[in-house]
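The first chain written gets the first letter, and so on, giving A, B, C, D and E; residue counts start at 1 in each chain.
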Amino acid sequence: EGERFVLVSHAPDSDSWWNTIKNAINVAGEQMGVTVEYRNPPTGDLADMARIIEQAAASSPDGIISTIADFDVLSGPLGNAVAMGIPVITINSGTEEQSKEIGALMHVGQPEKAAGFGAGEKAKAAGVTKFLCVNHYITNPASVERCQGYAEALGVELGNQMIDAGQDPAEIKSKVMAYLQTNPDTNGILTLGPTSAEPTIAALNENGQAGTIHFGTFDISSEIAAAIKSDVVAFAIDQQPFLQGYLPVVILTNLARYGVVPGNSINSGPGFVTKDNIELVEKHAGQYR
Amino acid sequence: MTKPLIELIDIQKHFGPVIALAGVSVSVLPGECHCLLGDNGAGKSTFIKTMSGVHKPTKGKILIDGEEVTFSSPRDAMEAGVATVYQDLAMIPLMSVTRNFWMGREPVRKFGPLQLFDFDRANAVTLEEMAKMGIRLRSPDQAVGTLSGGERQTVAIARAVYFGAKVLILDEPTSALGVRQTANVLATIDKVRKNGIGIVFITHNVRHAMAVGDRFTVLNRGRTLGTAKRGEIQPEELQDMMAGGQELAALEGSLGGTV
Amino acid sequence: MSAWRKSLVRPELGAICGTILVFSFFLIIARGTGMFAPQGILNWGVVSAQFAIIAVGACLLMIAGEFDLSVGSMIGFSGVVIALMSVTWGYPVWFAIIVAFAIAVAIGALNGYLVIKTGLPSFIVTLAFLYVLRGLTIYGSIATTRQTIIGGVSEVAAGDPIAWLFGGKILGFLFVWLADIGLIGKFVAGPRAGQPVIEGVPMLIVWALVLIAFAHILLTRTRFGNWIFASGGDAQAARYVGVPVNRVKILMFMFSAFCATVFATCQVMEFGSAAADRGLLKEFEAIISVVIGGALLTGGYGSVIGAALGALIFGVVQQGLFFAGVESSLFRVFLGVILLMAVILNTYIRRMITGER
Amino acid sequence: MSAWRKSLVRPELGAICGTILVFSFFLIIARGTGMFAPQGILNWGVVSAQFAIIAVGACLLMIAGEFDLSVGSMIGFSGVVIALMSVTWGYPVWFAIIVAFAIAVAIGALNGYLVIKTGLPSFIVTLAFLYVLRGLTIYGSIATTRQTIIGGVSEVAAGDPIAWLFGGKILGFLFVWLADIGLIGKFVAGPRAGQPVIEGVPMLIVWALVLIAFAHILLTRTRFGNWIFASGGDAQAARYVGVPVNRVKILMFMFSAFCATVFATCQVMEFGSAAADRGLLKEFEAIISVVIGGALLTGGYGSVIGAALGALIFGVVQQGLFFAGVESSLFRVFLGVILLMAVILNTYIRRMITGER
Amino acid sequence: MTKPLIELIDIQKHFGPVIALAGVSVSVLPGECHCLLGDNGAGKSTFIKTMSGVHKPTKGKILIDGEEVTFSSPRDAMEAGVATVYQDLAMIPLMSVTRNFWMGREPVRKFGPLQLFDFDRANAVTLEEMAKMGIRLRSPDQAVGTLSGGERQTVAIARAVYFGAKVLILDEPTSALGVRQTANVLATIDKVRKNGIGIVFITHNVRHAMAVGDRFTVLNRGRTLGTAKRGEIQPEELQDMMAGGQELAALEGSLGGTV
């Protein structure tokens, strides 16, 4: 009873996607009767994240849950935590192999590039040949990998098809419109989350191309859900973050109490949210989905 | 005797432990030029800042036309007819002559519901007033920074004169001026005085003071050494009182032995 | 100086030259890309209008001798206040907007009050508020909704009497007519086929124009404008002639906060959501626009028209690089170089005007 | 003033008080959390050391009367230069490091040269470089590797003669001994089972201490230090007595760039990768540390020890809030409030010391 | 006649179109106090800035001990033995007295490979030199900002004196001082002169000039009106030459008629 776990993410304070995970650890914490602390580098600086993991290890919790946003940066501190006898579960970004190398119990999540690749395969099936990847977070390596994976699945060079959109919605919208105007043969769009998806939807609505371009996005929000229903967005890649928050807490609790732990990593995604399964997703969008 | 325009009675001003003024009384009559002389640190600036509402006196009364007043800001003093020209802080070099001239008293013109700065009038008046002071501007839009130091001082004086202050305080207006412009300023002081305005003229230069002064007050370490009328006192006496003449004379003597 | 030269040598000359240069450049580079088609114009027009809204506030404040690093955080803050109040707590949108403006302006006043009272440089005081406001915004939205993006404003704003002022579009009929006579295109496919490609002029642009006009007239044609110049040029000298310097400065801090809130409200109304990270680094962008427009960082000198042109240059370069297909990360490099060149040119012009050495 | 009071009233007094306060606070709040166990101390020690490295550069520069907003971009830039050269282009790591230092210091000199030659405020010039450097960093890394993060430095750095200076750890034997006598814990699992939990003192901390000592001695005990004070206090007066003000200022810009590169190199060597977004907003954090440490934003006054204590406060508060389990977004609020309070206190102390009004 | 320490021959200095100096020749002998007088804008400051290496003359020669030199920086002039005390720019208020005193000429002490600022010596010397000038410091660490304006000026003079300049230039050193401190400064000038140092003393105050001057040169619009020896000229004449006395007298006359 009353075990303490720490979940360390790589997301800056203002990243909305992680709220689902925060909700998940709250749910799991209540159900299991444990406390789970959520920590993140305020500006998203991965070096700061490494410090936070070190700090979490120093406070000797009963388990650490962390992303592997950058293996180089995080393998050291996470490895040290493992060596100190603290059970570690890795989630979200990173691969199973990396998780093993660190010595973590398991990995819950999906690698970014593979997710991008999955999106690209769907796009290819829909006949996409030229695309636009709206990167609102160009300095984040994971987001570049998503675009890269998409391009690889299509079998084309990424090149100028990924734009540095910035975080300001009006600027994202204008940039998308400018891009589409100068590259009218674009027939696919990938956005990397609500921050870029929502202004892109607005842009398509405004320039009348809504529904005419194959549009995939990462993650789900109420605006994205509505766009899926109205056929503007073809699919949203949902890595089911709730599971990434919920499962590790449950597993770590069971490990601490009864010494039992599953033997393999768990793929929480990719789940593709399309018009077919949108109803249920929508109900919990932004909260549990 | 005419009634004084402004009377300061037993003004004291302390800055924490520093006693800048230890009871100074001065009055200014209409149409007179009252010269305030004194060594550095005597308290001249402090005194006129009290008169113009920048400082509140620690003790003492200010009477305007015989009635006691309290100035809580320079604006109050300006509205009561006390205008001041500060030596260093008179003009803002980045702004145009007109904007400087009217600063704080901009003329407005109704434009529908709007109250606009009346530039036509402002420019015309500025050019005219500057011409009266003997300065021909290229344009009233010219930045003050393009004027010479003397010209700047002259704009400040012209401004104060124009606003028809009853009492005009000049803090060392001539100390940065060349001879010709000094003469201009002194002549202007004379003109202004003839309109019945009282002038407080602060200077280090006894010659300048003697040229236009009607009465002379010497300050020394926050106290007056008394007020003298023109003709009652010789320039040399004034110079001696002001520059601590006796002490210097003693010094000269002691050095004289060694030279 | 001849009359011709005189009419030319003015604070915004540098920005005018810059604007001409930038437009010529993109007319050559990006001619065939639709950048100067109606839709393209609207595109960079909106981006420039955004910059202009905050640049106007920053411009008057800078001329009054201070500056405000908390503009960006204020944008995030105001947006979240509106979304929280209207969506999460269910108040009517007009009320939420009014409250957001009231709080923002009050914070602007607090900024100003602290600067005046403590005598600290505004750099430090507003830097503190940059952190405090951003922290409060994130904390507030997470603590109440467990989210940092609060959506659903569009739904609650439908039919609101004030919301339209920020998120609406005007002159729609004009564009229908223009499309009918063939001057602008119509959508040929998709759900809006048959409608003109431009729906109307967004209120954002209207706000930008109104604020520019207001600030320009205030600055150059009114008594208060003279006080703004005087407060920034030499606060002590201004005080001595009776200019209420403290009041002027505090009011300018409030105006800057007001402009930030206009920016935030327009964005929230257009996109239907508020996010805690909106406005990041916008304070720098506002300051850059103002400085490109010829204002002096230390106050007392500048021009609203210049700042607006600075914002235009900013917007056109940013979008133009997209139209021209230049690698978008190079935008930052361009911006830095333009800033340096503009400031050097402006310094030269200013010295010519003011006789400064 | 009694001797006792005199020895107390010094530029860093505010920072000393702040440090005591902050430590007392966390000793109460976060006692049981391991914050003051050896590992916890190392944790906030490393974070503070990071801040201290850039704060030292910013401190001397600020005392010399200028400041540098491009520090953060410089951190990202230098890191990417090292990673690009060593990993992507295959040069030896020591060569990459030397080249990175050379380029960074040259850019610092260019910063300084532009400030001196154009007479523009350093705010503007370095703001331009903030954008230019960040843009070049992103462009460079994307253009060559199609990524904004470049990993694999650890592999190429193995056995490098210089890399150890930045990424290594010292005094390992001491911790082995401490672990043997039971004062610190040992790893219980994994490949390193049996080794002490603290491997050694990271070179980052050593760099911080060396830079602090160097800058402190330079500033307070040498002729050059006097020139730094003089250049910031009144450049004209200093010139008249023969102080080479321009050289001093340019050297300080170079030193600030040097410190940023030390920061970047340590990070790259420790983590084995460089990313284009490293160092975001670090310029503000450096300035805040320096200002909390009692330096005057306008130059001529300040203390390296104060800046180091400012960095310590910054680091301890940031990590301490994590230990105490406070919502991390509140950190910014704390920071803003601490900054304001510290500056007001410091202003008071400074007036007492310098008789300024 | 003794050989001059420094000779400036036909110095001209133009700032763009402005002719600040139109050919001025002045020499300074060892042990003399050479007073430079002149109206505002006469070119006094420009002249001494040329002498001390701040400005390069447009035309003209500078001879030190009979040999021609060119100063490319104030440091050059300092090294050639020409020290200057500027009125406003002498001291940095935020720095301690010792740091100010030694600014630009800090004494160093070897400490291994390091060259450290020798504070022990610096403090001791500062205290001693200030005591010689009649100022008792609480501590040499005291910031200059805590000193009175007069004390600051005195530190600057003490510094210049201490560095044993062959020629010491003082730009209006007494204009911000009270009488007692003025007397101190004048006495110090006298002391310094007796060590064989040549002094260039710039002032507006004829009394101060007469108290210590050996020779007097009056500047007017960038030209000299000639150099007079002590005893060859009366204070009144000097005052007249300097303040444009005749023009003022004329003014006084014209005003006199109206008063």
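For the reader, a short list of remarks on this structure follows.
Here is the rule we use: a contact is a pair of C-beta atoms (placed from the backbone, for glycine too) under 8 Å apart; a residue touches a chain by one contact, two chains touch by 3 or more.
Protein names from UniProt, one per chain: B, E = Sugar ABC transporter ATP-binding protein; C, D = Xylose transport system permease protein XylH.
Please read these numbers as outputs of a predicted model, since none were measured by experiment.
Shared contact partners of subunit A and subunit C, listed by label: D. Comparing chain pairs A-D and B-C, the larger number of C-beta contacts belongs to A-D. Greatest Cα centroid separation from subunit C: this falls to E. For the pair subunit C and subunit D, the distance between C-alpha centroids works out to 34 Å.
With each centre defined as the average position of its C-alpha atoms, the distance from subunit A to subunit E rounds to 73 Å.
One inter-chain figure worth recording: subunit D and subunit E are separated by 45 Å, centre to centre, where each centre is the mean of the chain's CA atoms.
Listed for subunit D are residues 138, 142, 329, 331-332, each touching two or more other chains.
Counting partners per residue, subunit A has 13, 138, 164 as the residues that reach two or more other chains.
Within the complex, the subunit B residues that touch subunit C are 52, 54, 73-75, 78, 84, 86, 89-95, 99, 102-106, 108, 114-117, 119, 138-139, 141, 143, 145-147.
If you check the complex, the residues on subunit C that touch subunit B are 1, 6, 217, 221-223, 225-227, 229-230, 233-234, 236-244, 296, 300-301, 353-356. For subunit C in complex with subunit D, the touching residues are 114, 118-121, 123-125, 127-132, 134-136, 138-139, 142-143, 284, 287-288, 291, 297-298, 327, 329-337, 339-340, 343-344, 347.
The touching residues of subunit A, counted against subunit C in their complex, run 12-16, 19, 22-23, 138, 160, 163-165, 167-171, 173-175, 177-179, 181-182, 194-195, 198-199, 202, 205-212, 221-223, 286-287.
Against subunit A, the residues of subunit D that register as touching in their complex are 33-35, 37, 39-40, 42-44, 46-47, 138, 142, 146-149, 151-154, 185, 187-193, 195, 197, 267, 270-273, 275-281, 319, 322-323, 325, 328-329, 331-332.
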